[in-house]
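Got some structures for you, see below.
Next come two complexes, and both contain chain A; in the first it sits with chain B, in the second with chain C.
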Partner chain A sequence: MIKRNKLREYVSWYLLLLIPLVGTLVFNVYPLIQTVMDSFENMKGMFIGLVNYQILWEDDTFRQSVVNTLYMAVLGVCFNVPIAFVIATMLNSVPVAKNVYKVVFLLPMIMSMITVATLFKYLMMPGEEGVLNFLLEKIGLGPFNFLNDPATSRESLIVMVVWKGMGYNIILFFAGLQAVQRELYEAAKIDGANEWKQWLYITIPSMKSSFTFVIITSAIAALKRFTDVYAISGETGNPAGSLNTIMLYVYRNSFSTLNYKDLGKASSASVVLFIIILLITLLNFKLTGSDNTETRLPRRRRRSLK
Partner chain B sequence: MKKTKRILAILLAAAMLVPMTVGCSNSGEAEGGTSGGGTADGGSGAKPVVRMVVPGISEQSTTDPISGLTSLGLGDFEKFLEEKIPDVDINLISIPWDGWIQKIEAMSTANEMDVAFFTNQVAVPDWYMDLTPYLEKDPDVNFDNLSEWFLEPAVHYTTYKSFNYPEATGKVYGLPLTMACNSIVYDKQLFEDWGVEEPQPDDTMDDLIAKAAQMTGTNPKTGKTNYGAYATSMWMEWYAISYDAVKPYSSDTMMLNELDMDEYVNYIKDSDEVLNYFKGMETIVANSPEGIATSTGAEKFYTEDNDIAINFDTNTVSSSVMKYIYAEKTDVTERFIPITIPTGENGQQGFPEFFRLAINKGANDPDTAWKVVKSVVTNKEIVDFYLTNYASDKISALRDTEGMSMYDYEYNKVRHEKQMSSVFITDDYWTWRTPLQEVNNLVVSKEITPEEARTKFYEGVETWVNNTKAQLGQ
Partner chain C sequence: MKKKAKSQHIKFHGFHILYYAVLTLFAICVVLPFFWLVMTSLDHFDSYSLPFPPRLLPQEPSLFNYEMALKNVPILSYLLNTFILVILCVLLDVVVATLSGFCISKGRFPGRRFVLLFILSNMMVPFEIKLMPIYNIIKDIGLSNNFFGVILPGVMTNAMFIFFIKQFCDNLPSDLYEAGVIDGASKFRIYAQIFLPLMGPVVATLVVLDVVNVWNDLLWPMIVLTDVDLSTIQLGLVRYNTGANGQVHAGIQTALSVLSVLPLGIIFCFMQKYIVQSIAASGLKQ
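Presenting the complex of A and B:
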C-alpha cells in the first residue's frame, strides 16, 4: 500500500516534468539529431558520408573562423571575468548607493546588441568622424582604424563585448559575495590580516562556485558569438574575415540570401562547434574542480566503509 | 493534496501535448485538401482562395522618413489584385525580407501558401511545382508566346538550371514578375567642384574609376576631404562581368563533371581580364573612406555634406535613388544622378536577378493558383502597381511596357533599354560567385594585391567545383 502511494507521487512528478522534457526533446534534442544527420548529407538529402567534414577540414575560411572564435573567446573571458569580479567586490564594499551603481553597470546589458554595435561602429569610426579618434587626436594619438583594421578589429570588438556583458557577471559575483560568511572576515581581522589578504585568501576561494559558473557561461556565450560580429561586419566577417566566427560561418552557409546555400557544410560546422563547446566545458569543470573529485573519498577507503 | 497535484500534472501535460497534435493534424488536412481540390474555407461555394506570399510589404501604409514617399500597405495590394482578378479571393501574406528564403521554405513545407516568389535559389525544385504542363496547353501564356510576353533574358531565366539538381534541368518553376537593374550614383556637385567630366553613356568601368580617382583629396572649392568612390564587398562580384572576367556558362545537362575545367576554371590563372577587374576594385577601395570594410563611411551620401563622388555600392543606392525619383525630390535628384552599370566588351553587365512567381507543390488549388500567377505577371497594371509601390529598384520583365506609369520616368526607360540588351545570360554563376565574394572581402580590407587576388580566385573556383562534385557524387 505504501509503495503504491509512493509510485503515485512519483508519477505526478514525472508528469509535471514531462512539460519541460517534451520541450527539450522537440526544440533541443531533435534539432541536434537532425543537424548531425544533415552533416552527412548533400543538398538533396543524399547520404555522402564524411565529405562535408573533409570539405570543412580543407576550408581556410572555416579554419580562420575557428581561430577567431577561440581567440575572441579566450580574450573575452580573460577580461570580462576578472573585471566583473573586481567591480563586484568594490560594489560590495561601497556603504551607500549600491543599487544606483548596480543599475549603472546593468544598463549596457539591457541594451540590444544591435544598438550597442551601431554605437561602437560610430564611436570607433576611422578618421576624424569617429568619436574615439577625435579624442585621441587631442592628445596626439591616432587615428586608428579599430574595427576596420584586421590587426585590431577583434580586440576592438572585445572591448565592446566586455562593456556590454560584464554587468551580468557583476550581478552574479555580487550575489556570490553575499554568501561568503562574515565570521571568516572577522576572524581574519582579529588575526591581523589586512584587506588585501582577506580578499586573496577568503573572498576568492569562497567564490569558487561563482567563478565556475561565470567562466563556463561566459565561455559558452563567447564560443557561440554571432550577433555582435554580424552587427559590425554583416555576414562577411570583414575586415578580411577577422570577425568571422563559426556561427557566422554557419549562418552564411545556411541562411544567407547572398551566398550559395550549403546546408551540409553548415550542419557539419555546427557539429564541430558543439564538440568544441562540449570539450571546453568539460575542461572548465576539470580545471575548476567542479567534477567533485576532491570531495570523493579514495576507492579503498570507500570500500572499507561499506 | 496529492490528488490535486496529480490532476494538475495531468492537465498541464495534456495542455502541452494537445497543441502539438493539433499542429500535426492541420498539415494533414492541407495535404488532403490538395487531393480533394476545392476552396480553403471548406467549399462553401464562395470564390476559390489563393494564399500568396509577398516579401517586404508592411501591413500598414508607411512613409519613408527620408524621401517622404508613401508606400502602400498589404491591404491596398490585396484590394488591387482582387479588382484585377475578381473571380479569385487572394489572401496576401507578408513576410519580412530578413530570412525570407527560410520562411518561404518553412511555409512551403507546411503548405501554408499557394503562390510565392523565388529568385535564384537552387532548392526551388523542392518547393514549387513544375509549370510545364500548364505552359504546354494554356491558351494565354504558353511556351509558344513566352517571348512575346517577356524580354529575352527573362525568358531564358524561366528555365531552371542548376548543378545541384541536374535532373530538374529545363523545368519551369515560375514566371518572371520583376527584373533587377542596379544603378551606380554619382554626385554632380563634386564633379563640378573638381572640374571632372561627368560620366558618359559609353564609359567603361575603367573610365568611371579613373574619373573617381581624380576626386580623392581636398576639394578645391570647399576645402573639405573628398573621396572619389565608395563600395562594399556586397554585390562587388557582379562588376566582374563588366570586365569580361567571368564567362557565361551553357549546358543542356548541368552535370558538373562535364564542366570544361580549362574553359571555365583554369583560364583564371592567367587572365588579363580577371587581373584588370581586381585592379579596378583595388582602385575603388583606395579612393574610398577607410570604413568600407565594415560598410561605414557613406552616411552623408544624398545629403548636403556628401563627400563621395561616385557610389559603386549598387545594392544600397539603387533602391534609394529610385525612391527620390518617384517622390520627385528634385533637390536630391538634380545633384545625385543614377547611371546604369557599364558593360564589358561582351556587351553584358549586372546581376541577373528575376523575381519569379511560382506555385507551391502542396497548393490547395493549383489550377486557380496558375490563373493567379499568369494574371499577375502578364497584367501591366498589376506589375506597374507592384513595382511603383513595393519594388522601386526593380523594373518590369514584360516586353511591352506601353502605358505603365513607371516608364513615365525617363531613367526607367533607360534601365529597361539597357536590360533588354545587356543582361548577363548564363546557366550558372555559383562556380565563381562564392569564391569571388570571399576574395573581395580581402580586397575591401586592403589585404591582397590584384595578382594575389587572381590566384586566390582561381583556387577558390577550383575548390568549389571539386567540393561540389564530391558532394554530388560526381
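Presenting the complex of A and C:
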C-alpha cells in the first residue's frame, strides 16, 4: 500500500516534468541521431559510409568556411576579451556613474544583427562616400573597401561584431569582479601594493573562471557564426567567399533557394561543427572543474541575483 | 543599508581621471554610430543613397523617411507579428521553466539527477546543428508557417532557464514545500501559489533576456516562416534590404532600422536594471 502511494508520487513528478523530457527526446536526442545518420547517406537515402566526409574534405568551399570560421573566432576573442576586461576593471574602480556607463555599453545589445549590419554597411561603405572613410581621410588614411574587399572583410566584420557584443562581455567581467574577495585587496594594501600591482597579482588571477567563461562562450558563439555574415552578404558569403562560414555552408546546403542543396554535405558539416563545439565544451568542464556550479562563491552569487 | 555605507566612502584618485577619459571615449564610440543612424533617419534627402558629405545632424529635419517606410513596407504588420511571437514565447518559456525548475529542485523521486542531466544535455548540442531534422518534425506535425512551430522547439528544450530556476529554488527553504504538503495542497498548487510568487525577480530577468532574444532572432524564424504575411520584423528587414520591395532607399532603410529597435529601446529604458542583472547572472551561473 505504502509502496503504491510512493510510486504514484514519483509518477506525478515525472508527469509535471513531461514537457522538457519529451522536448529533449524529440528536439534534441532524435535530431542529433538523425543528423549523424543523414551524414552517412546520399541524396537518395542510401548508406554511403564516410563518403560525405570525404567530399567535404575535398570541397574547397567547405575548407574555406572552416578557415574563415576559425580565423574570425580567434580574431574576435583576441580583440574582444582583453579590451572588455580592461574596461570592466576601470568601470569597477571608478567611484561614481558606474550604472550610466553600463547602460550605455549595453545599448548595442538590444539592436538586432540585421540592424547593426545595416548601420555598418553604411558606415563602412567603400570609397570616400562611406562615413568611416570620410573620417579616416581627415587623418590621412584610406580609403578602405572594408566589407567589400576579401582582404579586409573579415576584420571589418569583427569590428562590427565587437561593437555589438563588447558591452555584454564588460558586464560579465564586471559581475566577476564583484566576486573577488575584498580581503585580498585589504591584505595587499597593507603590504603596500599599488593599484597596478593589485590588478596584476590579485584581480587577474582571481578572474580565471570569468575569463574561461567569456572565452568559451564567445568561441562557441563564433563557431556558430551565421546571422552577422548572412546580414552582410546573404547566403553566398561574398566577397570572394571570405565571409563564408560553416553555418552558412550548412544553411546553403539545407535550405537554399538557389541550387546548392545537398543534405548529406549539410549533415556531415553539422557533425564536424558539433565535434569542434563538443571538444571546446569538454575543455570548459575540464578547466572549470565539474563541481564548480555548486561551490564557487554561492553567497556573492545569490546577492547579485537580487 | 549597504549602499549608504558605500557612498560615504567615495574616494577619488588621480588615475580616476584617466579611467573616466577612457570610459567616456569608449562610450562615445558606442553611442555615436547609433546616434548617427537615428539622425540620418530623421534627415530629408531626395536621392536613394545617403547625403554626401556625411553629416551628424539632419539638415532638413523631417519625418519623411518614416512616412515613406510606413507607406511602402508593411512594417506595422511585421511589428504585430513579432509582438505576438514574443508574447507567446515568453509566456510559455516562463511557465515551462518555472514549473520544471521547481520540480527538479524540490521533487523527491528516483532519477532526479539523471533528469537534470538529461535536460541539460540540450545545452551541449547547439540548436544550429539540428536544423534540418527539427524542421522536418515541425513540418510533419503541420506547424510550418505557424508561430507555434517557431517557439515549440525552444520552449520544450529551454535548459538554461530551467537550470536558472532550479538554482533559485535550491536557495528557497524546503520547509515551504513540506508546509504545503501538510496542508494537503497538490504539487501544482504548491508551485503556483507558494513558489511562483517568490520567483518574481528571477522571472523578470529571464523575461527580459527572452524578449531581446526572440525579438532579434533570425535563422530559425526564417526557416519556419516562409509566408510573407507571417514575417517577423527581422525577416521584414532582410526582405527590404535584399530589395524584395524594389530599389533600396537609404532613408527608408534607416527609418525601418530605427523602428525595429524602438520597442526594445523603450523596454530597455524601463528594465535596464534587469538586463544588466540577467547578463551578470548568466555568467555567474555557469
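In this section, the second predicted complex is superposed on the first by the 257 of 306 C-alpha atoms of A that agree within 3 Å, B and C clash if a C-alpha of one lies under 4 Å from a C-alpha of the other, contacts with A are read in each partner's own complex, and residues count from 1 in each chain.
Quick note on the criterion: a contact is a pair of C-beta atoms (placed from the backbone, for glycine too) under 8 Å apart; a residue touches a chain by one contact, two chains touch by 3 or more.
Here the structure is a predicted model, which means the values were calculated and not measured.
A.B. asks: Quick check for you: in the superposed arrangement, does A:Pro205 touch first (chain B), second (chain C), both or neither?
C.D. replies: Touch status of A:Pro205: no partner.
A.B. asks: For A:Pro82 in the superposed arrangement: first (chain B), second (chain C), both or neither?
C.D. replies: neither
A.B. asks: Would you mind checking which one, chain B or chain C, touches more residues on chain A?
C.D. replies: If we count touched residues of chain A for both partners, the winner is C.
A.B. asks: Just to be sure I read the superposition right, which of the two partners does A:Tyr251 touch: chain B = first, chain C = second, or both, or neither?
C.D. replies: second
A.B. asks: Give one of first, second, both or neither to describe whether A:Met46 is in contact with chain B, with chain C, with both, or with none.
C.D. replies: After superposing on A, A:Met46 lies in contact with chain B but is clear of chain C.
A.B. asks: Touch test for A:Val94: chain B only (first), chain C only (second), both, or neither?
C.D. replies: Only chain C; A:Val94 stays clear of chain B.
A.B. asks: Determine, under the contact definition given at the top, whether A:Ser12 touches first (chain B), second (chain C), both, or neither.
C.D. replies: both
A.B. asks: Taking the superposition as given, does A:Leu172 touch the first partner, chain B, the second, chain C, both, or neither?
C.D. replies: In the superposition, A:Leu172 touches chain C alone.
A.B. asks: Following superposition on chain A, which residues of chain A contact chain B and also contact chain C?
C.D. replies: On chain A, the residues that contact chain B in one structure and chain C in the other are 9, 12-13, 16, 19, 22-23, 26, 122, 125, 234, 255.
A.B. asks: With touch defined as at the start, can you tell me which chain B residues reach chain A in the complex?
C.D. replies: Per the stated touch rule, the residues are 2, 5-6, 8-10, 12-13, 16-17, 20, 99-102, 121-123, 164-165, 233-234, 289-297, 430, 433-434, 437-438, 441-442, 444-445, 447, 463, 467, 470-473.
A.B. asks: Taking the touch rule as given, give the residues of chain A at its contact with chain B in the complex, in rising order.
C.D. replies: 5, 8-9, 11-13, 15-16, 18-19, 22-23, 26, 42-44, 46, 48, 51-52, 54-55, 58, 61, 121-122, 125-127, 145, 147-148, 150, 232-234, 236-242, 255, 257-262, 264
A.B. asks: Residue numbers of chain C touching chain A in their complex, please.
C.D. replies: Result: residues 10-13, 15-16, 19-20, 22-23, 26-27, 29-31, 33-34, 36-37, 40, 49-50, 52-54, 96, 99-100, 103-104, 107-110, 115, 118-119, 121-122, 124-126, 128-137, 152-153, 155-159, 162, 167-168, 171, 187-188, 191, 201-202, 205, 212, 215-216, 218-219, 223, 234, 237-238, 241-242, 250, 253-254, 257, 260-261, 264-265, 267-268, 272, 275-277, 279-286 of chain C touch chain A.
A.B. asks: Would you mind writing out the residues of chain A in touch with chain C in their complex?
C.D. replies: Answer in residue numbers: 9-10, 12-14, 16-17, 19-24, 26-32, 34-35, 38, 87, 90-91, 93-96, 99, 101-115, 118-120, 122-123, 125, 129, 131, 134, 163, 166-168, 171-172, 174-176, 179, 195, 210, 213-214, 217, 220, 224, 226-227, 230-231, 234, 247, 250-251, 254-255, 263, 266-267, 270-271, 273-274, 277-278, 281, 288, 292-293, 300-302, 304-306.
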